[in-house]
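Look at the two complexes coming up: subunit A is in both, with subunit B in one and subunit C in the other.
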Partner chain A sequence: MSDVNGTYDVCIIGGGITGTALAYSLCKLGETSVAVFEKSYLSSGSTGRCGGGIRQQWSTKNNVRLAMRSVKLFENFEEDVGMDIEYYQGGYLMLSYDEEEAEQFEKNVEIQREEGLDVEILTPKQVSERYPYINTQDLIVATFCQTDGHANPHKAVIGYAQAAKRMGADIYTHTEVLGVDVENGKVVGIQTTRGYFKCNVVVNASGPWSRQVAELAGVELPTESYRHQIFVTEPLENFFPMMAISFAGNFYMRQAHHGQFIMGQGDKDEKPGINYNVTFKFEKELAEKMVGIFPFLKNLRIMRHWSGMYNMSPDAQPIIGQSDKVKGYFYAVGYSGHGFMVAPAVSEALSELIVFGKTLHTDVSYLNVDRFSNEDVEKEKNVV
Partner chain B sequence: MVNEGPTEKKHVKALVIGAGPAGLCGAIAIAESIGDGKQILVVDEGIVPGGQLPKQTHKFFGHEGFYASVRGFEIGEKLVSKATDLGVQFSMQTTVAGIYEDSIVTYDRNNNSVDEYTADYLLIATGASERFLVFRNNTLPGVYGAGAVQTLMNQYKVMPGESFLIVGAGNIGLIVAYQLLQAGANVKAIVEASSKIGGYMVHANKIMRLGVPIMLNHTIVSALGEERVQGAIVARVDEHFKPIPGTEKEFVVDTICLAVGLQPSVELVAQTGAEIKYISELGGYVPIRDENMKTTADNVYIAGDLSGIEEASTAMIEGYIAGYNIAQKITGQDLSEKISTMKDELIEFRKGPFASKVREGLKKMNILFPSGGYRERTQQSTGPNGKLRAVIECPQAIPCNPCETSCPTGAINVGKNINSIPYVDYDKCIGCGVCVMKCPGLAIFLLQEKEDYSIVGIPYEFLPIPENGTIVKLFDKDGRYVADGQIDKVSVNRKEKTHLVFLRVPKGMENIVRHFDLAINSEEYVCRCEEVSRQDVEKVIDSGITDYEEIRRILRIGMGPCGGKTCRNVVLQIIAEKTKIPISESKLGAFRPPVIPLPIDAIVKSRKGVDKDE
Partner chain C sequence: MGRLVEHPILNVKVSGAAEHMVFYFEDQPIFALPSDTIASALIASGIDIFGFTEHEHARGFFCAIGKCSSCLVEVDGVPNVRACITPVREGISVRRQIGRGKPKW
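Let's turn to the complex of A and B:
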């Protein structure tokens, strides 16, 4: 290679929450020969466009553990990473409007409680007593976990990036990775719009572009990206502390730090592919539904509307690990819409895998891509 | 799959966004060509159509084909009635909230309702928004943009204050100053950061002879006051437009009027996917378009200030060009003759020195306009002594010729090139004064030397109309008192409201007197919605974060009700200043719909056929 611009132990592709949190975690472990490559600006992909929720109420034991570890790290974020990211543990109120789902909720709570998570089961009456501004019509049951919450995703990325930089990592924004150089089944470098960088480890943290970035190294990942839209209202004084979410009802909503309400829903008809346009159909459908459940919204105005990508895996759970084909090629992708909330724990685990060859805090082996070669894929049920 | 549920969208052949001169002329061109105005919908935020025209009480420049010498609000009325006669549909007090992937969404403020449209062709003529200026205490009540002052004063007949400081000596600042003086306000000064007056000299002369100083190389550094504006501090600036310490001056004013330029309103056109480019000569970010006003997006046309900051005549011509092109596509008929006539008009209007920026800007899109071919020398002779005659004090080549076309004896010559400076043939001039009352720049005077005194006839647009014989004070071009004089007589012009007042002045002062009596007797916020100061922005940039989108997400710049219309460019400017990366190379950031806050209940109301019991 004639033009080698630098040499790093670890080159991370993607300046979202995973990439920057991983750079931070690696530096914390003493691995400071790290660079993050972001083709646009930091958090320009899925992180900066997400709803910012952080929850632990999952349907499998492993996912609950991973999320609980993440919350631990979020709780210490300001002290450890050095940035106020508007983290607020106002809880997650999960609303069920479906008999079958309601039963599942009770099973989930059992699993969650076994892991030591404090979760309440609320009747519709209890919900309307506690939250008189919610219309509980058709509600069957709700669960609530006070230690769930939300934060400002963009600030989290900036916090991680700045902390990593202070410890010696390099962050290259507006720098696209064009190729991953593999020799004898091992990663040796990457080609970017800012030249060639030698490295031993490449991490694919490219969110919506995960499959294409994997192909750069000849690695196959079973991910697809789907557009999800969000709109945000003008602010009200803060009175709505929790994230309200419903899978059967297909919505989520929270009041952000500055008082504005952020909300979204999924669209089953969405086709795979990168698409950052927005549709008015979304505004109409969501506005109507949400005014029914949260009547106070009818007096608010919509300020902004945008879209982001869910990088979906076949079982709606992240894909984390090292390629068995290309040595030194790691990935943390396919978060299926909940990457922000688990990224601190995933990045910690991934940094341990890279540095020590094994995880110390949270087992993520169940998230290896191998699982898709099995016939039975256990799908995470708690996803909007 | 995409269009599930009842179809609620209305379809039009052409949707015109903006009912200013460009949009109106575009709609007229389409309607007269396809013969069915009902297929054309003009959507506009204003209460009455006309864009900026209804607030303009001054007479416009240009030639009579485009309403020269007619006052702005009357031009608006004429265009609107023309469009209405052709059947064009109007939806007023309605904002296009966004051009979404699946529809064009309008919000009707009057009915608090939302509608969805699809259109075969879009003519976007959203005009421009005012540039914003960052100085201490700029959030104090009493700080206005010039547009707001005009709206309040000229449309709603409300005076925003009594004594004014105006920032900016472009045409808008000069015109607003004159209108304020007409309305009886006290204009203390106009400050202008650059070393020359940006607007037409004839506009500047109108207010200088009324005694308003135009302070070049000066800017405002602070508004003063606790609850509202009670004063302003201005200072001289160096060559980098930075205030020089020790040069501060204080003005006691209750209102500060900002007229620091316009920037094209590109939000909606950007949402169509049309390519946007930074071309400073055209006012900032503008859509890329061809000479037929077509953008890079299919079936999306633009006209007027959106395509580059200019003025009403060229906006009208661009509107026609865009309109005829759209009509040509809709009908399949050949309108090339009409289009090329309009293009020739544009060439004529853009030949002069004031169009040099527009020419330079358009060159960057490979659209070329020739310059020159006009007379730049002013006439030296003021004609034969003793004869009642016109003198024209029109020192700059501007595209305007009503003096020539109104003269009943053919004594005034501008010539084929409308930019030429007019000359008077004193053999033909009979001193009738028609040109004095027609000239939009109020730049023509009548002179006559008599035995004991001289007569000076001046154009006059103030109230009350003076009585014959009244003793008055006389002032020179710069508003300095020079002598006492007397009203000789007044020709009242009831129709056009520019009266002709004849003054008796001391002999030898006929070329000096140009006005009489009328004694003209904290924090710097970048984003006012979210209260983000310049310091906040600079701090973030200093920490190494230089992308507009990142700064936006950290500071909430542009996340308030204005959606970034005021602050986006200011932030980009600060980024450019601090990073030394030219604004044209920095990333512009996303234009997220809706461009105005959209009431949720209006959206819900628009969902027809879906009834939820509530």
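Let's turn to the complex of A and C:
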């Protein structure tokens, strides 16, 4: 390790939404000695494969707060970061087909309203009056929040990366981190396929590979990656403004800026592990289900079908903070399928934690890994 | 443009009027043979503009094998139908598609 290729204050592992947003946030705070290391191309991991939804309708107070802060940052994205990312607040329509879940929805709405979020509860009749193109058969209740929405994840990453570069950060794509150098319990550098870099802080923002990347520094993270699939149809005129989602119904769907419908579902039989293959079973199941609920999809052809990883934590909430074993080792991982939407707020909080040692805008201490040493873990229920 | 009536190599069978069926393009009746696709019947009737892009450029018959999306028309209100590989049926109503197509529910 005699060849030192550079020295940075902060080295970020992962060029997805978290890594690039964090580089941007750090630069905004004046910490411009920052480098992002991405083993493939920017947004090649979970960010670029995600559905792109941005919602605030969560089941715990803290998650609602975090998401509301994130929406504030998305609202100002074009002005602050300097790129149009197709951000559109068309709302999130959450459909419930299960009695127990419907009761939970009403409790969630109470929590959300206490936090100042404007959420409507809709009966099936109201849903079919407002959205005549949705078949409301078996629907029990729906909730709708207009300020939720969606954006183009690739553009968000590129926007953050370009803004960070303009302020002085370096971005190394196609550069894999091979080792994290720890001396006397403190991070001192990283070994990459482009040589050795000295640094004081390493941030694990590696999404699907979070556990393996943590192991490089001898840090344990209780995350596990699960494959989720998505397909996209040919386009129609834009008429479907919101993201429609159901946990009991197990689906989500939105219409992208150019008119295509992007949709996905979870699979309970999926085994943990990184796997980017796709299955015909998924295509068949999802297409059959979605045509029943959204009859206008009937004559649309599927254009593309891909998969990405949910980096799951034991309670389906992100794991954010600093390792107490290795000084200078930070992580923002285990987003459990909703990383893109909260990443701006998480990155802001993490940058404050790195620079000031405490958060200024959003409290993320409840997302520290220590919470899993507690036996009873309270799981976030609003996850597909 | 019409149909071939003779060809130096192929035997061209000229169909009798009895075999014709009728469908509608922009409400105009169009004669078609049972073996026609929508596109071949339209071309045989001298119609080569099948629709317009959202920027008002004319679109029509191009790849002829269902790949290029240039010939998309609306059939009985359903958008994104590929005229080149869709057989004609008696009485269907075909319209020019403008832009990305309107949803039907």
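Heads up, the rule we're going with is that the second predicted complex is superposed on the first by the 383 of 384 C-alpha atoms of A that agree within 3 Å, B and C clash if a C-alpha of one lies under 4 Å from a C-alpha of the other, contacts with A are read in each partner's own complex, and residues count from 1 in each chain.
The rule is simple: a residue touches a chain if its C-beta (ideal position, glycine included) is under 8 Å from a C-beta of that chain, and two chains touch if they have at least 3 such contacts.
Everything quoted here is computed from the prediction, not taken from an experiment.
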item: Combined model on subunit A: subunit C and subunit B, fit or clash; value: fit
item: First (subunit B), second (subunit C), both or neither touched by A:N250; value: neither
item: Touching partner for A:N368 - first (subunit B), second (subunit C), both, neither; value: neither
item: First (subunit B), second (subunit C), both or neither touched by A:R301; value: both
item: When both partners are placed on the shared chain, which of subunit B and subunit C touches more of subunit A; value: B
item: Touching partner for A:L236 - first (subunit B), second (subunit C), both, neither; value: second
item: First (subunit B), second (subunit C), both or neither touched by A:Q146; value: neither
item: Partner chain(s) touched by A:N5 [first = subunit B, second = subunit C, both, neither]; value: neither
item: Partner chain(s) touched by A:D269 [first = subunit B, second = subunit C, both, neither]; value: first
item: Least Cα gap, in Å, left between subunit B and subunit C after the two complexes are fitted on chain A; value: 6
item: Common interface residues of subunit A - those touching subunit B in one complex and subunit C in the other; value: 234, 295, 299-301
item: Subunit B-touching residues of subunit A, taken from the complex the two chains share; value: 41-44, 48, 154-155, 158, 162, 165, 173, 233-234, 258, 269, 277-281, 283-284, 287-288, 290-292, 295, 297-306
item: Touching residues on subunit A, where the partner in the complex is subunit C; value: 132-133, 234-237, 239, 259, 295-296, 299-301
item: Residue ranges of subunit B in contact with subunit A within the complex; value: 1-2, 4, 98, 100-103, 105, 116, 543-545, 547, 549-550, 553-554, 556, 559-561, 563, 587, 590, 592-594, 597-601, 603-604, 606-607, 610, 612, 614
item: Complex interface listing, subunit C residues touching subunit A; value: 69, 78-81, 99-105
